[in-house]
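Two complexes come next, and they have one chain in common, chain A, joined by chain B in the first and chain C in the second.
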Partner chain A sequence: MKTMESINPVFKMGAVLLSAVILTFNHAVILNLLVFAAGMVLILFFSRAEKRRLLKFLLPIGLIITALFITGYKNAEQTLLASFATGTHGLGGLASMSPVYTGLQLSTRVLAYVGLGLLFSLTTPAEDMVLSMMHQLRVKPKFAYGILAAFHLVPNIARELEDAKFAYKVRGISCGPFALQPFFAAMVNCIRWSENLAMAMESKGFDGDGKRTYARILSVRPADIIILIAVPLLVLLGTLFLKY
Partner chain B sequence: MAQNENRFSWKLKDVLMVAILGVLFSFLYLGTVYLGMAITTALTPLGWGQAGYEPFYGILFMAASLTVFIIQKPGTGIVAEVIAAILEVLMGNWFGPGVILTGLIQGAAVELVFLATRYRRFDMQTMILSAVSVGVLSFLYHFWESQFYLYPLHISLVMLVVRTISSVIFTGVIATLIGRGLAKTGILKSYPLGQQLAGAESLEVDG
Partner chain C sequence: MAEPALEARGLSFRYLEQNRKNVLEDVCIRFPAGKITILMGSSGCGKSTLAALLAGLYPENGGIVTGGERRLFGRLMEDYTIPQRAQAVSMMFQNADLQFCMETLRQELTFCLENISCPPEEMAARATRAAAELGMEDLLDRPFTTLSGGEKQKAALCCIFLLGAKAILLDEPFANIDPFWAARIAQMLKALNRQYGTAIIVIDHMLDHWLDAFDEIQILLGDGQVCSGITRENLGDYQSLFQAEGLRWPYGATPAHTPGAGEKPPAIILEGLTLSAGKGRHQKEGHPLLLQGAKALFRKGEMTALMGPSGCGKTTLFRALLGQQAYGGSIRIGGRECKKIPQKELFREIGIVFQNPSNQFITQNVLQEAACGLQGRMVKKEALAGTELEKQAIALLEEFNLHRFRKYSPYMLSQGQQRRLAVLSILAGKQGILLLDEPTYGQDDAMTREIMGLLRRKVEEEGLTVLFSTHDARLAAEWADTCYVFSGKELCREDHGIHQPGV
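Right after this comes the complex of A and B.
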């Protein structure tokens, strides 16, 4: 295996989703940290992801996990769980942990999700994801290319919204950042676009339901299947056997 | 869902409309993220930081409720939320494919109320009920997924109430008004909402 980008996107998505669902049953801080660390190592050393993008994401995440940690730390004695459960094993045992541990449980859970999520988002090119949806999940071309078209329109949609705000400014109407009027104007134009774009695509011979040929077909290799099974399995083992 | 003959068959232009509106709504939400961060920072020392984003949750559900309101067919809310979620993953979301799971639940929660009316009633009342449904059900999902059971009860309750109010305002009232406004401009002629409101008003010219 070369880089994270070479894993089949649908199989990578399956591995990430299954792992995330298993993690909702996990209460071990160590496993959460391991998952996050694994994600970061894979992004930093085994992918072509832009490292600066990673940094941009990690700053707001730092704020969120700090907030989570303090929420858990300050209120550990009066958690909902503690008020229901007493005892030293199972959920009751979970509730009788120290404040620091409660804080860590809340904050590292999010870190683990973020490690998995960023591993997928930063190492999966949009086109690969969309092709893989068509080839492996049999999503119809109209959905796949519709999504891809909207993705490539993102900068234009942003400019449309800016233009609409500017148009209001020119007329001397000041709008705050949350004003709905320019947003509404942009929406009207965007709905027009969607009709025009659909017409343009179809007039070029695009058939949203029919069979088509592909310049690139994303294949499934044995490594993809192993990843889909092994990664969630490792997380499951960690959930079962790691205590803290 | 029993009424297969009633199912909406998606055309390319419908997919594009939903996808492009999804992007537009994500901009609206991104605009509030900094405000959410500021509130979170301010509340963090009190141990209430997690509630900082709750006032804006309604914006997250708007794409789904507006789509159901416009197209008025089974499954449209779920498909719209999943399309919006996939786009968010493509644009780079730190929870990655996890948002597709959240999208499925939110789309289903939005549709629940309309399913109960057999997709016959689309007015302010059902839109507000649907907003309450998605506010409460998405909270229950997060309760499990983000371990809200490790919060004190009163914090969870305040978060639930704030989220539901936000949902009623944005997903219920504002989405309905936007839908009606769009129908008035005439661009929704080919959709049930446009036909429902046809004849009420003729034109409202934009630039």
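Right after this comes the complex of A and C.
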């Protein structure tokens, strides 16, 4: 069975980005929920993505969505009360002005973006993305491999930051979870690393602008083009025809 | 004379246009093809810079060549394209973590072959063959993040071998790995030299792994002079030069440190200690056990060395002593159970110097760093001017010979200076126990002596308790009163080469 991973990454990204742009004009809660649900179904049943990773992302996002719902709800409630008080409230917009509905609009829109984002990121290997950027978007290897190298450095950066925070603690100096000073130490090291890594790549014959061969060339199949057109089109139709 | 593999003629180099002095001045040096050459020199003499220049990585990636030329197998460096150059000379770096841009060795090998425009249909076979030749098939598909430092250096060597480089430059390749892996990789390099005539040029401050195989030692002196022609036959004539340059002499027993008379009271007692890998203050399932039922006793006013292969748990033990790691059994510090000591109190009692000192600076100014150490809290630069604290901080910097750098950022200091500053700022906190994680990492002999000597003085004068981890048996023998080796999930006290489990 074909999985989400087999779609050309650049075309997959195009479909996701276009859909996200169209969703910004959407007011229908149902469409937002449908987009999110479709994303989850595709990740869960049509991809090789690790399900545990999905859960790791969804838990904190769930909290944010709830907070957004409450914000939207409270805000709309106040606006509604204010319009009743001043007598400016018209009869037509009653449904759309309902606080619950406004809260839902705000939170499900973010949920839809999350669904699209996770669908792309969890089903696209970094290496494939970079290859596709070079082959389909004609991005220079220097840039593309730079991104890939930086991506693989992320665990080191996290470790470095942890060490820097530990250094503060051991010296008896308290710093909050969002203090900027430990980031400075970590950043200095990251810059040093990036220079080191660039030299190591060059030492292995990597010429960012020169000629190279490729073990694998990611091709574009008709299905990729169909996906690029059909997915945003479906979202557009949803935006036009779904009312709530 | 045969064409040298690498050659510098009258080479001068500086990092920035505005620098007053060149890092390298009129250097003339030749590294013969097909031979194993060791390049030595004191810390900061420009060995690594020279290596990066001869590998073609500078000035393209930084700095300015202000004079002279570089030749690679007789051709000017500038006449090579990058892929051509990689097939002539390739470099292996000190930090094994920063050599790969892909996720696995197989991907990295493919990346190397793509770089040199190898036909795609040949790639898979060539990559597998190279890995098989160096006995690394089992590493091919494991993510780099799961490999040990030694395995990563081996993987880096595999890439160089695959590129077919006729000369390999190695910049302190064993600085981060334990003696077991260092010996294995040195063997592989020697085999490459014998079998394929690959020129091996190693920067190393320890000769131990090369004594039986090197063809020549060259020493980079100050002012661009190079002392060459040191061979295995005439090495004995150069002992005084080694000493003068602060280089470690490979022969002869190190004067072992003799512990003072009389038993000193215990500072830390480990009993039935169980530690598992993985960071965290809560024990997690699934992490391998590093220590099980271990016993040890670290005495007050003594220096104790902790030895063992990479990943055996030295750093984890330090984390446990600082209350940052879950443990079973008992750790008693000054008679109290470590778990029960409030964290703040623990940090007042124990200080740590990290393996990489640049990880532990908390200010952007050397003077401020010393002042923060003294005060135990952040001190603003402006609030420091003219105070008693400033005077104390300056006195401390003078003691550690860092006074003239007081206005510098700690990150601008050399490795050795950074380590001295790290030790200083921790010592200023007046903790009674000091933990040092690999204090000799990336240091030459002279620098090592300076730091260890300084600690020894503090131990003797102020009764400081020092625990340091190291791979270097000679260092342990020379400086430690007691030495513990991680062996079979236990801590074995090593007295005159005899293991004794526990206390």
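Following the convention adopted for this analysis, the second predicted complex is superposed on the first by the 202 of 244 C-alpha atoms of A that agree within 3 Å, B and C clash if a C-alpha of one lies under 4 Å from a C-alpha of the other, contacts with A are read in each partner's own complex, and residues count from 1 in each chain.
FYI, a residue touches a chain if its C-beta (ideal position, glycine included) is under 8 Å from a C-beta of that chain, and two chains touch if they have at least 3 such contacts.
Nothing here was measured: the structure is a model prediction, and the numbers come from that model.
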item	value
Partner chain in contact with A:Pro222 - chain B first, chain C second, else both or neither	neither
Which superposed partner A:Gly205 touches (first chain B, second chain C, both, neither)	second
Chain B versus chain C as contact partner of A:Tyr214, first or second or both or neither	second
Dominant contact partner of chain A by residue count, chain C or chain B	B
Touching partner for A:Pro155 - first (chain B), second (chain C), both, neither	second
Partner chain(s) touched by A:Val170 [first = chain B, second = chain C, both, neither]	second
Chain A residues contacted in one complex by chain B, in the other by chain C	126, 145, 149, 167, 184-185, 188-189, 193, 195, 197-199, 201-202, 206
Complex interface listing, chain C residues touching chain A	52, 55-57, 60-62, 81-83, 85-87, 90-91, 93, 95, 97-103, 107, 110-120, 123-124, 144-145, 159-160, 163, 279, 322, 324, 343-344, 347-348, 351-352, 354, 356, 358-362, 364, 372-373, 376-378, 411, 425-426, 429
Residue numbers on chain A that touch chain B, as the complex places them	13, 16-17, 20-21, 24, 53, 57, 60-61, 63-64, 66-68, 70-75, 78-81, 83, 102, 105-106, 109-110, 113-114, 116-122, 124, 126, 129, 133, 142-143, 145-147, 149-151, 153-154, 157-158, 161, 167, 177-178, 180, 183-195, 197-199, 201-202, 206, 208
Residue ranges of chain B in contact with chain A within the complex	10-13, 15-17, 19-24, 27-28, 31-33, 37, 40-41, 43-50, 52, 83, 86-87, 89-98, 100-101, 144-153, 155-156, 174, 178, 181-182, 185, 187-188, 206-207
Parts of chain A lying in touch with chain C, wherever the complex brings them together	126-127, 145, 148-149, 152, 155-156, 160, 162-164, 166-173, 181, 184-185, 188-189, 193, 195-207, 210-216
